[in-house]
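Presented sequentially are two complexes of chain A, the first with chain B as partner and the second with chain C.
Let's look at the complex of A and B:
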């Protein structure tokens, strides 16, 4: 909310993903919304925080658990014009995840600290958390 | 102000559908316009016409149906999220070859594009999460 301090709005929609990928439909339905936003030429940004950072891991193999591979949906985002993927650095650190070792190399991720995340919120018209 | 409402949580598992109902009512009472109410994720359960809560409990389902009728609200239920959770209208039920349907007639099934459009057209999209 920036009622008294107008900030440039760079994103129509910021989707915050905070849950692990396969324990619920959260990630799947959040990415569906991101793809829909891209389809309708909306400016969409994604922010991965807390257990949501597990969605970014490379070599996901959910077939054994009869789940759809979310990595493919993530890789498809850029074809829909969704190119802003941000991740909270501290969430990676807390989980001992290292971008060069554990994270899907096809994704062009921005590592953000708390202050930059606040700025991203300010630059977004709407925030929806999944 | 032109507002749209997003309901993500189901009755009984969360307060989302109830809080969204109260908020929508209050916004209308204060002279705001409700552009659209969109039900996504577990929020789609609020759109069923089969729940029969005990007489001495508040009936969130019926209250939404009444509010929609009173103000002719554009209440849209995500077709994919609803199909996953067994909330279907007659047409979808036939299409999936299923024995029954339960979407209350006050709601219409459509895609995520309706949510994206509501966000673009409204001053604010207010989310009621799970």
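Let's look at the complex of A and C:
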């Protein structure tokens, strides 16, 4: 603990998504938790980082792979009151992902650097990483 | 002795990719599966792998919403996957 000024808690729950969709159930489970949190009026923030940024790609079509479409789940988040979707910008850059070209345009994303990610953790009461 | 290599991890797994690069030979074939298909987004693959035909499994590419129009990677069906397995002498999985 440092003697910094106390930080305001803006979120009850911060969900950090760091894995690509479809190759494991982690992305699906993280989004289920986000929807459940929203249903119970929790203030939920999502942070996409590392391979988790692949979850934000547009035109996902997992039907042939017989999986649930996670892009549709992301689009539904706002109906559950989950409106804070943060992305680590360096993770996008490293993967040659361009927001205007590859990323789902329906999502209102906030691009963060390492410093603002630290602040996001500080502003959240509980953090769960998937 | 041509070999079919399959890669099913994302480009974030740098050490795995280095091992693959150090092992694969001209005339071999590389098939990208699952998170391996994210290599289609990067030019890294084309620069590092010359004289190697690269395929990506179609269903995995479409599931993840990856555009492949300007890539040198060919899309493969499950049937193509079986044919590639038969055409090569052996199969090495990178995961």
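Heads up, the rule we're going with is that the second predicted complex is superposed on the first by the 125 of 130 C-alpha atoms of A that agree within 3 Å, B and C clash if a C-alpha of one lies under 4 Å from a C-alpha of the other, contacts with A are read in each partner's own complex, and residues count from 1 in each chain.
Assume a residue touches a chain if its C-beta (ideal position, glycine included) is under 8 Å from a C-beta of that chain, and two chains touch if they have at least 3 such contacts.
Since the model is a prediction, treat every value here as computed from it, not as a measurement.
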Practice task
Have a look at where A:84 lands relative to chain B and chain C in the superposition and call it first, second, both or neither.
Solution key: neither
Practice task
With the two complexes superposed on chain A, say which partner A:25 touches: chain B (first), chain C (second), both, or neither.
Solution key: first
Practice task
Quick one: classify A:36 as touching chain B (first), chain C (second), both or neither.
Solution key: first
Exercise for the section: Examine A:12 and indicate which partner it touches, taking first as chain B and second as chain C; both and neither are also allowed. Expected result: first
Practice task
Please indicate which partner A:126 is in contact with in the superposed arrangement: first for chain B, second for chain C, both, or neither.
Solution key: first
Handout entry: List of chain B residues in touch with chain A within their complex
Key = 6, 40-41, 80-81, 84, 111-113, 115-117, 119-120, 124-125, 127, 129
Fill in the blank from the handout: Interface with chain C, chain A side, in the complex: residues 20-23, 50-51, 54, 57-62, 64-65, 67, 71, 95-97, 101-102
Practice task
In the complex, go through chain A and note every residue touching chain B.
Solution key: 12-13, 25-26, 29, 32-33, 36-37, 39-40, 42, 125-130
Completion exercise
Seen from chain C, its contact residues with chain A in the complex are 8, 10-12, 34-35, 38, 41-43, 58-60, 62-67
